[in-house]
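Letters A, B, C and D name the chains as they come in the text, with residue numbers starting at 1 for each one.
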Amino acid sequence: MRSGTGRALLLHLAVLAVLFGLQFVLPDYHHRSFARILVLASYAVGYNLLLGYTGLLSLGHAMLFAAGLYGAGLAVQHLAIDAASGFVLGILSGLALALVVGLVALRTSGVAFMIVTLMFSQAAFLTTLYFSAVTRGDEGFTLPAAARQYAIGDLFFDLTDPGTRYNLALLLFGACLMASFALVRSPMGRVLVAIRENEPRTVMLGYHTFRYKLLALAASGAISGAAGAAYALLFSYVGSTFASIQYSILPLLWVLLGGVGTTLGPLIGTLLMFYLIDTISGYTSAYLLVVGLALVLLVLLFPKGILGTVRAKAAPWLP
Amino acid sequence: MAMKKTGAQGAASTRRKVLKGLTAAAGGAALSGLLPTPIRYFEARAQSPIKIGFQLHRTGIGAAYGRWYERTSNAAVKMINDAGGIAGRPIELVIEDDGTDPKRGAEVVEKFATEHKVDLVFGTLFSHVVIGSAPTAGQLKMPYFVVSEGHHVASTKLNRYVFQPGITDVRSQVISLAPWIAGNLGKKVTMIFPDFAFGHDHRDYFSDAIQKQGGSIAGLIPIPPTETSFTRYFPQIPADTEVLYHVMVGPGVLTFVKEMGEHFGSKRPQVFGFIDSLEAVDIASPGLEFLEGTYFWEAYPRYAQKDQTPHDKAYRQAVGVDENGAATGDAKDVSTYSHMFGCWETLYVIKHAVEKSGYQSATDKDKKALVEALEAMTAFEEGPEHPQGSKQFNGKLHQAFGQQVISKVEGKRLNAVHRTSIEDGLYEPEGDYTTQPL
Amino acid sequence: MTLLATHGLVRHFGGVKAVDGVDFALDRGEIRAIIGPNGAGKTTLVGIICGRIEPSAGRIRFEERDITGLSAWRRVQRGIAYTFQITSVFAGLTCFDNLALAAQRGVHGHRALEKEVARLLGRVGLADSANSQAGVLPYGHQRLLEVALGLALKPKLLILDEPTQGLSDAEIDHFCALIREVAAEATVLLIEHNMAVVMELAQRITVMDNGRILAEGAPEEIRANAQVQEAYLGP
Amino acid sequence: MSFGPHLFLALLEGTVAAFVLALTALGLSLVFGVMRVVNVAHGEFFMLGAVLAWAVSSLVPASPALGFLLALIASPLAVGAVALLADRLVLRRLHYAPEATIVATIGLLYILQQLVLTFYGPYARPVAAPISFRVQFPWFGYSGYKLVVIAAAAALLAATWYLLMRTRIGLVMRATQYDRETAQAFGIPVERVYSGIFALGAMLAAVAGVLIVPIQQAHYLMGLDPLLLSFITVIIGGLGSLRGTLVAAFVIGLSDGVISVFFSPTLAKIIATLFVALVLVFRPSGLFGSARA
């Protein structure tokens, strides 16, 4: 076993166990909020795969989240297919878009990559507005209640039930988290990190880095799509705001806060940011100011983010 | 979750015990009109408040409206509380900012229901926030009163807990104007509208309505939401246009009007616009001279009219708006007069629904009663509680239908030249909420 | 029997011809050194051979197959390994991860990989720094790790660009021994300024000047060659 | 309206857009070119310029012209000061690391927006044009002030160009852009230069904001659009190439006007955006930039 892998695995399982246990003790509001946070944290996990482990900073992930959101939402709305198929369709949409964008955007790197992804995402955003005949553009649409009941055999899911939502969200997050953990510890993960550290050198070790970056982006896209699809199906709203730039910046913020290139960082970042805004907006309408300051202080004082700092100071075995 | 549920029930039932004794007083307060003020006031203080969650656009694109929604609502709440509150209980307004964002909107509704434990939620303006929040409200069985003028509620695509009793929906507004426009301004209409859902509603419903009046659409000019300059679109206006119908929203509108003026100069077609463009904007702003002589839809005349009703006077005074529609003492701070009245009127509708239904606390039973009481309502009479005017309420659509006003810009102020009848704005219902389970 | 042959390689940057019509051949199993003054085109030449630099003209054959159009990573997989002039190990990663990266394509299963990495570390004498960050190793050790990275690829041709630069004499001796071992299984091509090292290691020497091959032969021939002396070794 | 005049109008509009865009984008390009910093808050400097213009000009309600002139000087200076502060307090401490600075400037964007929302409010407020006359063409009328904007912007661009190409300060800046280390070796106070550049970039955006505010209105969310457009311009022009940026500003400004004559404008914007992305991918040095990207 590689040093720390055992410990790390235990930690991850423990975190998931705690999250599972929390649903029995959390007060109603936080119980419901956690369902949302877990879905968004999954999105952040997908984002972190790219930024944290491949070193590619995308400013356009909103289009991938939205691809899942609309892929699932539109299918359920207009094709009258069931929630599960809608979810799969959402994942595929995210995956497909990521591949297409990747084939083009990955020819660039650094600042250029950021801006290219930003541009693609902007185009995607405008597209959701342009086809408002089906998307209802900025207004968006809500899913028919029927689409939110789902049965496998005699197993019946009611997506309007908070308990069901919590556990499905947890299931999604658990899957994404463990997937990213496995990937990071795999030979493939090692190559991705190598690309992040020094791409030309990685090429000279015989790796077709473009292919690996494309794979990373595809994985990131699939996870982001899954998160988007889950968001649409669990919370029943599909609208173009989710394709706007803001939703490309949020995962960046969450990941930076939690710790770039740490598997658990995205969860911590998403959680803290949600409650930061939730709490502050109670005292002042100027919570954007706090968000802004948080970002600035973060890069100034904790460039590694929370877990990143912990790893550097205390626990080098953290994945 | 089981144990939490019982906990909640426990709390509820104890509260019910407490309230048992109060129901009499509550009933009494229903007649409170007969009682002298101090006693009513004392009662209102004495009893546990009705908590109303106010989903407010404090930040984001809706902030300019949000400000005035807040002032109006506070004024209405003070008015109601001073008059004895709702069923003898004072209103407690709990405000949460939704950042004019549908995601945050839904979260805020959950927060109201589960953390603030409010009795109902109210006050949302922007359509995407309404639609984003509605499903959550439905799942929480949380009565959700929006003041948005969107067609979403009346489309019956939302759910049984969502109501819009304080303001007419855009479809009704638009079709009620068509007859007058066709009859007085012209039959060949070119529409300029933002290229997203709000604009498309106007495009679809008005095109249809004007054709029913024997008019025709000369041109349709959609403008992308990210646009900041409009001059280059004006050449697309067909020369034979008799009426130019514009409904721009967002911070770009002054530019729009100004550039329209520069483009046409003196020889222009008739121009008809939606005041949405210029809510919170001073008609006397530099560059708006071009609006002189053009027409606007208003839900409620911003400038006090000659035939001003005493209710309007009282309403303006309570909210703090002068006869020009600006904040008393700050002529630059112009109100969103054609929308914010909806908050005032909605709160009164809530008051009566709660009292009529005998609503006590946020139990499914009481909420059910509240919803049914609302759906049973049919009309609101013009008066202090409904200063904008009488309204029909369609319980199947959860939507109110009121009169619309057409005003002309004369001497840098808006003068009402026509009031539509409620009937002008009625249309074939698209569905029926009352068939949905509660 | 030749392992690698280039025909009329040309590469110019703007007006400058860094490599100007080079025909260069390597035999299997030999240790070859390329020497020449700075700017002679040595690094550019090996850069073209391993695929990091595109030639403006000319062809490259490796094991009788034309590889001119092949991308760098494919050439590595065919067996051409290049170790950088400026040490560029993955400073952020441990020595283990550094070597695992290079070795993992060859071996299957975690156990096997660990064994292989251990073998490589042992070979360059870094056995006890498996878990230490490459970036914090002393410079000499980083050079050794760099070489180990090359070896990990099981190359047929190992290209070393100024491998002994900045090494202590003791380290240099150790290095030379290592290279001789390597030569048993791979052909070695090294660019080197340290003539002592060249003379000790190289079986044949190629001298470059202004992008051209000036002379080629056994060390003693080169030492004797007058042209070379004035161009390079000096009087 | 027949096609000829229509096109003429589109071109007129394009020219105005182009000049304002050139100013804004030049600021962004300068900051990126010299400091390699992608300033996401650039649009907010534009917004701040416009808002401050409103504040300043409303001090002298008597004479719009005087108020505007006052704003034209005061507002950019104030914004420059803000930028200087941001550089000292944040960017410099990040040693201008690309990713860190992007995040930091995103933070700055939120901070500025919120401060403006709090102290100025959510309103879209107009500023009276210093001069208001209408030019009547045979087919349509046109704002005289817009022609003034063209003139003013042209003058400012010329001044900036002179500063960069003909003065010692400009030389120092270009030296720093060309090779930071060497510049330092030659005793150029690189950090001071960076601060100067960042402030100058912000002031260019601000002055553009001031010029535009009589046409548009000051609103706390008005920064996003110029930001995106500037990005596009800088990319098409070639990252870090000032000449390219200027050329691109005109191509984009003019084409944006003309394209929307033929396509549905929203579709046009989609196409244009994708086009830009592709340029950046396949012509990283831009369409008009020098080879260095």
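We adopt the following convention: a residue touches a chain if its C-beta (ideal position, glycine included) is under 8 Å from a C-beta of that chain, and two chains touch if they have at least 3 such contacts.
Nothing here was measured: the structure is a model prediction, and the numbers come from that model.
Novice: Moving only to chains each one touches, count the minimum steps from subunit B until you reach subunit D.
Specialist: The distance in steps between these two chains is 1.
Novice: Sort the other chains by how far their Cα centres are from that of subunit D and give me the top one.
Specialist: Here the answer is chain C, farthest from subunit D.
Novice: Which one chain sits nearest the middle, judging by mean Cα positions?
Specialist: Per-chain C-alpha centroids ranked by distance to the global centroid put A first.
Novice: Need the CA-centroid distance for the pair subunit C / subunit D, whole Å please.
Specialist: 50
Novice: Could you state the distance in Å from the CA-based centre of subunit B to that of subunit C?
Specialist: Whole-Å distance between the two chain centres: 76.
Novice: Averaging only over C-alpha atoms, locate the centres of subunit A and subunit D and give their separation in whole Å.
Specialist: That pair's centroid distance is 33 Å.
Novice: Provide the C-alpha centroid distance between subunit A and subunit B, rounded to the nearest whole angstrom.
Specialist: Measuring from centre to centre gives 36 Å for this pair.
Novice: Would you mind listing the residues of subunit A that make contact with two or more other chains?
Specialist: 126, 129-130, 285, 288
Novice: Mark out which residues of subunit B touch at least two other chains, giving numbers and ranges.
Specialist: 59, 195, 224-226
Novice: Please set out, as single numbers or ranges, the residues of subunit D touching at least two other chains.
Specialist: 114, 117, 228, 264, 266, 269
Novice: Write out all the pairs of touching chains, ordered by chain label.
Specialist: Those chain pairs which touch are A-B, A-C, A-D, B-D.
Novice: Considering the complex alone, what residue numbers of subunit A touch subunit B?
Specialist: 23-24, 27-29, 31-33, 36, 126, 129-130, 132-133, 136-143, 145, 160, 162-163, 235-237, 239-242, 278, 281-282, 285, 287-288
Novice: Which bits of subunit D are touching subunit B when the two form their complex?
Specialist: 1, 5-6, 9-10, 13, 16-17, 64, 114, 117, 121-124, 126-129, 132, 134, 136, 140-143, 214-217, 219, 221-222, 225, 228, 257, 260-261, 264-266, 269
Novice: Inside the complex, what are the residues of subunit D that reach subunit A?
Specialist: Listed in rising order, the residues are 32, 36, 38, 90, 93-94, 98-100, 102-104, 106-115, 117-118, 224, 228, 231-232, 235, 239, 264, 266-267, 269-270, 273-274, 276-278, 280-282, 284, 293.
Novice: Which positions of subunit B touch subunit A when the two form their complex?
Specialist: 1, 3-4, 8, 58-59, 96-97, 99, 101-103, 106-107, 110-111, 113-115, 127-128, 131-132, 134-136, 138-139, 150, 152, 157-159, 195-198, 200, 224-226
Novice: Under the stated contact criterion, what part of subunit A meets subunit D in this complex?
Specialist: Touch residues, subunit A against subunit D: 57, 104-105, 107-108, 110-112, 114-116, 118-120, 122-123, 126-127, 129-130, 245, 249, 252-253, 256, 285-286, 288-289, 291-296, 298-300, 303.
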